[in-house]
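After this come two complexes, each holding chain A, first together with chain B and then together with chain C.
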Partner chain A sequence: MGVTCVSQMPVAEGKSVQQTVELLTRELEMLGAEKQGTFCVDDETYHTAASTLGSQGQAGKLMYVMHNSEYPLSCFALFENGPCLVADTNFDVLMVKLKGFFQSAKASKIETRGTRYQYYDFLVKVGTVTMGPSARGISVEGEYGPSVVASDCWSLLLEFLQSFLGSNTPGAPTVFGNRHDAVYSPADTMLQYMGLFNKIRRQQQGPVAGIR
Partner chain B sequence: MEAPPVTMMPVTGGTINMMEYLLQGSVLDHSLESLIHRLRGLCDNMEPETFVDHEMVFLLKGQQASPFVLRARRSLDRAGAPWHLRYLGQPEMGDKNRHALVRNCVDIATSENLTDFLMEMGFRMDHEFVARGHLFRKGIMKIVVYKIFRILVPGNTDNTEALSLSYLVELSVVAPAGQDMVSDDMRNFAEQLKPLVHLEKIDPKRLM
Partner chain C sequence: MADVLSVGVNLEAFAQAISAIQALRSSVSRVFDCLKDGMRNKETLEGREKAFIAHFQDNLHSVNRDLNELERLSNLVGKPSENHPLHNSGLLSLDPVQDKTPLYSQLLQAYKWSNKLQYHAGLASGLLNQQSLKRSANQMGVSAKRRPKAQPTTLVLPPQYVDDVISRIDRMFPEMTIHLSRPNGTSAMLLVTLGKVLKVIVVMRSLFIDRTIVKGYNENVYTEDGKLDIWSKSNYQVFQKVTDHATTALLHYQLPQMPDVVVRSFMTWLRSYIKLFQAPCQRCGKFLQDGLPPTWRDFRTLEAFHDTCRQ
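What follows is the complex of A and B.
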């Protein structure tokens, strides 16, 4: 687990989601990266049930429960702008027990699936973001394994990302923010994915839908 | 609203329902040493293990009559240990011949920001206490002998006072649903602790 940057790759002009993913993976293979299995990150939304709202006197909050195949025994629960809880997979069982208080918005379950590529100390994951049957975008995750301090290795990670993303290279993730010397943790990666998924959810359901 | 009653089926929706089987008793302070001595002889050979835990009980009130209860526990003497979140269901009312109290249980290990997260979910802390005692194991059975301390100033775990002049003794097993022979093993073990301590099935509802 090292410093990670998650970003969205725009779909290439005149190409489908699948074709853009193929272009990217070909770039990575030409660079010399080795395919190392697959990955999956998923996100389910829960909102406070109407019955609990009255007594609390607060607007319904959205809670995201996420899983990452990189950490198979963990479950991440987050509130937007709130704390991120890292728990074990029994948390999913607890959410079933809490059915009466937290309802799952099944339609907004979103996930990204794709291939993992290892290039020396870097790990790159290119995934197709899907919501239900339709492909909504492309996620690219780049990780520099040896370092856990963002400020120490951001420029190195950026340079590496530029070598295959070109002009689509992202800026520094907001999670790096003010805590330059803070230790990076998997919860920060999940926060970045949550941000990405929310952005994709808000994008109009239009041209990008459907895997051609 | 509590979750729907857990039946004898161990697996529901792909996850195994775990049940906690429980027997409880107590001993006065002056009898503690003899009980510990007996337990050390009967239980698995291991370094005597003591613990100091801080437990907070959170409630989520909804429109339903009974609030949802979650227990958050952290170790005060082991730095770096994860926090422990526990859900305990209603005791199964079933077989009167069953020797132990049986209830559905979900145990989750979490990161340290558990209390902030629970508050964000809408839970409010109902009460908290410090538990200090000894832990023993025999196979899958766990025997805990501990004293409960009341926290005088909320959040300050250094300033505590003992709740009573006795120690609570609990014999528990967490096993998949449907394994009732577990309660027979527990009763047999409890027999060996008599007359130092009488462990029995105590229905929490009858105390309220």
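What follows is the complex of A and C.
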């Protein structure tokens, strides 16, 4: 597990999502990256059930249950600003049993699917974010395997991302700022994905307000 | 076939000799036919015997004649050239079934290849001897009689001394921790952990550094039995590159009389890798070159360079 940066690639002017993805993959292949299969990251939302809120009228918290094909035997459960739980895949079955406490928000499943590329010690994943049948955006993930401390290799990762994203290179993810010398973990990657998915969800709900 | 024959052979005499052989064969078979046929039917026994003997003698004379002719011709034919480089194995070239058993051509290729190899090895050993890589304190060229029979003292050090030196170096640098173990006899094996960047396994021979393997901080350095894994390479290309550089370093820092200074300098050099991912290359200013960060550290100044950028 190396340091990972997840960002959103804006759709190019006058092109569809599919075409932008193709442009990106062509850039990567020109750089010399090798295709290495596919990946998938998905996310389901759960509300805390009304019956557990009690009389104080607290707002229901949202919980996200995510899977990542990079860690096929794990399941991640996160709250928006809270802790992230890493469990095994039986957690999904547990969620069914906890129907009384957590209810799934319908039509909230969002996922990104795409191809994986390997370039020396870097791993790049370019995926199309879909919610239901429609494509909503493009996610780009860059990982540098050898390093485990985010603050160490951010400049290195940035230089690599610039080489194929050009002007669309993102800034440092906020998760990097929170942990200075701590070892990077997969939960941080999932936090970044959660942030990305939420941004895309909000984009679709308020297209006027949230143009990127 | 053409390899064996040369212009020393008289081809005409050769053809004549072949026909002389045929003539000889037919006269010999006539002799045997005559014997097989036996005596012809004639009036008297004497007549039959005489006729038979005369016939037999004629046949033998013709055999004799043909044989002399053949001998004369064979002297004219001349010897095939003695020029095979492989002496007797050159006769393998006479094998007509070249497709299924190409022994002769393979044999020639093998000899040419081994001659070339010998030549190149000679050149390489000459060049390598100029750069002496022997790290023991023995002098080359001192005759066996004058050289002391005992091993140099730096090679046989008490393990306690080695432990002391290593623990002193461990305390020298705060971000570097050295763990010493002796799983295989008296050679020390060090596990050096440098911050959260990398781990180095150093195999030693008394106080000389023998081999190093550099792996990532999150990679497993133990085998399934829990022993230190000193053979498997890192999964990441950057650490494989750093392993090569570390091997170069351990050959560079040499001082047979004072091995603890050597170990100290090696560890100082290794410590510069704490900024492996943070330092840009001093020459080109970039972080990445061919997907690798600057992995070379200059031996004197400890500056970071890309492998392709170093002077």
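One rule holds for everything that comes next: the second predicted complex is superposed on the first by the 200 of 212 C-alpha atoms of A that agree within 3 Å, B and C clash if a C-alpha of one lies under 4 Å from a C-alpha of the other, contacts with A are read in each partner's own complex, and residues count from 1 in each chain.
Convention: a residue touches a chain if its C-beta (ideal position, glycine included) is under 8 Å from a C-beta of that chain, and two chains touch if they have at least 3 such contacts.
In this text the structure is predicted, and so the values were computed from the model without any measurement.
Visitor: On chain A, do chain B and chain C fit together or clash when superposed?
Guide: Fit - chain B and chain C, as placed by superposing on chain A, sit side by side.
Visitor: Per the contact definition in the header, classify A:A87: touching chain B only (first), chain C only (second), both, or neither.
Guide: First partner only.
Visitor: With the two complexes superposed on chain A, say which partner A:G100 touches: chain B (first), chain C (second), both, or neither.
Guide: A:G100 sits against chain B, while chain C stays out of touch.
Visitor: Examine A:T48 and indicate which partner it touches, taking first as chain B and second as chain C; both and neither are also allowed.
Guide: A:T48: touches chain B, not chain C.
Visitor: Look at A:F79 in the shared chain and tell me whether it touches chain B only, chain C only, both, or neither; answer first, second, both or neither.
Guide: In the superposition, A:F79 contacts chain B only.
Visitor: May I ask you to name which of chain B and chain C touches more residues of chain A?
Guide: Of chain B and chain C, the partner in contact with more residues of chain A is B.
Visitor: Tell me the contact category for A:M63 with respect to chain B and chain C: first, second, both or neither.
Guide: After superposition on chain A, A:M63 lies in contact with chain B alone.
Visitor: If you stack the two complexes on chain A, which partner ends up touching A:D121: first (chain B), second (chain C), both, or neither?
Guide: After superposition on chain A, A:D121 lies in contact with chain C alone.
Visitor: Taking the C-alpha centre of chain A as the vertex, compute the angle to the C-alpha centres of chain B and chain C, in steps of 10 degrees.
Guide: So the angle at the centre of chain A is 90 degrees.
Visitor: Could you state the shortest Cα distance, in Å, between chain B and chain C after the structures are superposed?
Guide: 15
Visitor: Which stretch or stretches of chain A touch chain C in the complex?
Guide: 1-2, 119-122, 144-149, 152-153, 155-156, 159-160, 163, 181, 183
Visitor: Considering the complex alone, what residue numbers of chain B touch chain A?
Guide: Of all residues in chain B, those touching chain A are 1, 3, 13, 15, 60-64, 68, 85, 87, 89, 106-111, 113-114, 116-117, 120-122.
Visitor: Flag every residue of chain C that touches chain A in the complex, lowest number first.
Guide: Those in contact with chain A are residues 196-197, 216-218, 235-239, 277-278, 280, 286-288, 290-293.
Visitor: Mind listing the chain A positions that touch chain B in their complex?
Guide: The touching residues are 48-49, 51-52, 54-56, 58, 61, 63, 77, 79, 82-88, 90-94, 96-102, 187.
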